[in-house]
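Per-chain numbering from 1; labels A, B, C and D assigned in written order.
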């Protein structure tokens, strides 16, 4: 078991964003987190990476309680994420963006950086090489000197994944990676995620694109109004009454609106 | 020939330019991690007073005094930097501005130590100390065809130039490394930087402290170039002046800080005939600059274009 | 002596409060620290001096003149220095700060050229009227200043919560984009805000001139810095906080002089905000979490 | 990276060349600034010399520098007309900043033709410049610098401004004599070198005279509300208020004090002595007592003539800064005549021997360290006018 979410709740000024949610992810899985808008999916990501601390409950990663660890420590432990609204470093080249991702796997300090010690030079070389490999993996090697802000939308999404991969995660959190992508791009995203899985990295993904989720995920948890509605394989979820109702109900609402 | 060119007046202006470059960099460094510090004047004062008092009262060598000044300012930077991390943007700017004012008021009021607003006189002058030291070894400036006061100012400029180059070298190298990438990623997106595993507390305090250290260094040097300091040298106006150096030249690149400090120190000297309207022009320039080119004269794009030009020329060659 | 110092403190605090109201209004709506506010205050004071002492206008007319002039300055400030920066790509939050510093340098030195460096006396018979209450003398001006500051605060609160324009302003303050989608003419609202804030600076200027009989080009700087401290004290963008913060600062400065060391008077504002920022960044009365813009 | 460093160094080099070019540009420009550029063609027998002036000509205190340079220009005109010596003034601005004053002075000192320097205006500027001048062996005289310890800087440093340590005790003695004061209160600007220096003299003198100090209050630049300090002073019931303030703030303090009901006389320092004080405070200025070398209303024919000439030339009445600067140039001219040649060292020695020179401000001599020896006139404001204290 890679990640275990145990009875996690989060309360924002009296409103329960998450209520007593429990699920766990096995090694090597692609695990989906779905649910209507406002169900608390991104909040869950924020709790895992400790942008907020949960009001109650525990988050166990590789057998270690990481609930109260600082955000950057969690990344060091091997969890890295992407954001729903892409958060790249806009005025940095694609290559450098990925190299920043490798921050916690390198350790040059001020002294060795300024005096370019042997180990620092070696480390920089390795970091560059690795970053280029990752850029190649996501198909962006030719854009390595382009500022992130000048990349196309789909490219930015892929760059963000490459940046996250640079931190050598054992668990990758993807927040709506297919949002705004066309069909072709989505297809190549599918291949990319599968590739990531084949590298032995566990993936937790939030996604609205249901065909993609069903095709990609090994198991899925459905959240609704902060509560866990269902858990299971794609087939189980697709036939789950409560899930259908939640989604249909939402659709009805939308129709009325 | 050499002796004719070396005019202490030019050298003096040059030494102020060099000190101002250090000050501009002291704003630039924290800014490169997204922290706007208006406390430079205060840190500068701490460095100046520390070094001046140590060298006056304890007769310690200048170099140790100057280093001590910079270090005390740096330590104050750490002390202030850690709690200030909770603040960002304008809050940090105001808090540091306030800190600078508090430091100045302390200088004014702590009379037993600082002599209040009358200031400290008789601070050992850097060039002259070195001259005396060199004379101890039987050196005479006339041996290299210089008058002693030409020698004094030449030495000052050379030392300052060395320090400025070392500082720029330091900052540029740091920038192009893991540390620099972390700083600029924090500047661009603090949250994303943290989730990439960057300890933002450490890096923010680091850059804030480096800024304070540099300002303290510049202040200590200022004290030993001027030979006299008073609290009014470290007022709100100084803080704003330093900020303008950096912002005018371009706050995204170190060249901007260097250029801003150089240009804006020179302009009043060169254009003495408009000195009556100098501040009015300053004000107007700032307004226009922000409206037309808010990132300052130099920015990354301009630099890239300049580099590109060079490269294409190289290609022809 | 305690009572007298209390009166001194409240007078000073009320003036601080009016200055801070202008600051807080602009910050609340635009998220901008208007560094030129102190200098607009100074111009207001000079308009008062010029109209009463030189032109011999009556006081009420001087007030109107001051409001008009500072209002126009506010309009120009918004039009020339703030609007070009808004919504422009790649403009950091530093730009408006520096741009308004530019305006403050310009205004200070311009008035220095026009009016000279020295203090200008503010002669008005109104400032001479006083009342004896027990052992202490209270000047009518002091009462007026206190009353005006309270009225401005109440007026502003009501205006913000009850009127359509006020509601639009609050909506704009909440979220510029949403407000404009909801049909609020945000451009107009912002301009209006800056004009009102500046006019309040003008009122404060003329009141200071009357109360302390001194107007000089340098007065804007220290008042501007104090105003800045107050809005942090009271919570950025918070009207009641500005009022309370102003009074707190006025009283603490006065009592520091009365019972402590007057040499640290100028530092108290900043010592207070440094502590406030560290202990309670949202200010004494603020509820919003301090967030960098 | 290397490109950047190389580029930076390149730019520095270009800028250095630029400075050299630009600065040599300004040094020719100073020629046009000097008033008697065409008088340099000296008639045989007249001794000519260039005198450098550093003055506060732009910024908040520009009024002081303006008065000083006007006083100098008037004196220069008269001296050159008399024909024995010909003086050329080279004027530089310091903007009231110590570092700019030092740059300006450096520019002058480095010009071998400059015989001696007058200024800078503020004590803080002077303290930065004078040691440098002394080391370079160029005589320098302060015309407006009143703090303690100025001529002590070195052999080449002089002053003709009456130090606070002369002016204030004289005024205090007379004031105490008349009012029979026992208790005094002090108020001073603690962030200004002049007012701080004045305060130290006041405090010392009060203690020497055995006066009880009931309150010591400070204020800072840019303050406009002095009520808190004054309330405290009023509570101490002093017989006399000693106010070390420049006239700008001082006048406002008096105005607020009178409103509050503090009716006792005020004793001020040099910086308080200005007709502007009356202008600002009006009736409230009555009862101000100051010690000064300069009494503008005096019927001394020299003063009357100076007033007339000054007003004709500059359209306003002179103040003490103009008068002291005027005298300073006469002191220089006198020393130059006695020196007989425009050599800095010879000139210094002649200057140091100045004795009983009859100037605008009275009978003038230097003591052995180069400080002023002079009688102080005590003035008071009565019915809106400065009159001699009786």
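The rule is simple: a contact is a pair of C-beta atoms (placed from the backbone, for glycine too) under 8 Å apart; a residue touches a chain by one contact, two chains touch by 3 or more.
Computed from a predicted structure; not experimentally measured.
Minimum number of contact steps separating chain A from chain C: 2.
Between the contact lists of chain C and chain D, the overlap consists of B. Of all chains, the one whose mean C-alpha position sits at the greatest distance from that of chain B is A.
Central chain by Cα centroid: B, whose mean Cα position is closest to the mean of all protein Cα atoms. Of the two chain pairs examined here, A-B and B-D, it is B-D that is joined by more C-beta pairs in contact. Separating the centre of chain A from that of chain B, both taken as means of CA atoms, is a distance of 43 Å. Averaged C-alpha coordinates give centres for chain B and chain C that are 33 Å from one another. One simple way to say how far apart two chains are is to compare their mean CA positions; for chain A and chain D this gives 72 Å. Taken residue by residue, chain C touches two or more other chains at 221, 261, 263, 266, whereas all remaining positions touch fewer.
The residues of chain B that reach two or more other chains are 105, 108-109, 169, 173, 276, 279, listed in rising order.
The set of chain A residues that touch two or more partner chains is empty.
The touch graph of the protein chains shown belongs to none of the named shapes.
Taken together, the chains touch in the following pairs: A-B, B-C, B-D, C-D. Residues 36, 83-84, 86-95, 97-99, 101-102, 105-106, 108-109, 236, 240, 243-244, 247, 251, 276-277, 279-280, 282-287, 289-291, 294-295 of chain B touch chain C in their complex.
Chain C meets chain B in the complex at residues 33, 80-81, 84-85, 88, 90-99, 101-110, 113, 221, 225, 228-229, 232, 261, 263-264, 266-267, 269-271, 273-274, 277-278, 281, 290-293. Of all residues in chain D, those touching chain B in their complex are 1, 3-5, 7-9, 11-12, 15-16, 18-20, 22-23, 25-26, 29, 57-59, 92-93, 95, 98-100, 102-103, 106-107, 109-110, 123-124, 127-128, 131-132, 135-136, 147, 149, 153, 190-193, 196-197, 220. Those residues of chain B lying in contact with chain A across their complex are 169-170, 173-174, 177-182, 184-185, 188-189, 191-200, 206, 252, 300.
For chain D in complex with chain C, the touching residues are 59-63, 190, 217-229, 231-232, 235, 248-249, 251-252, 255-256, 259-261, 276, 279-282.
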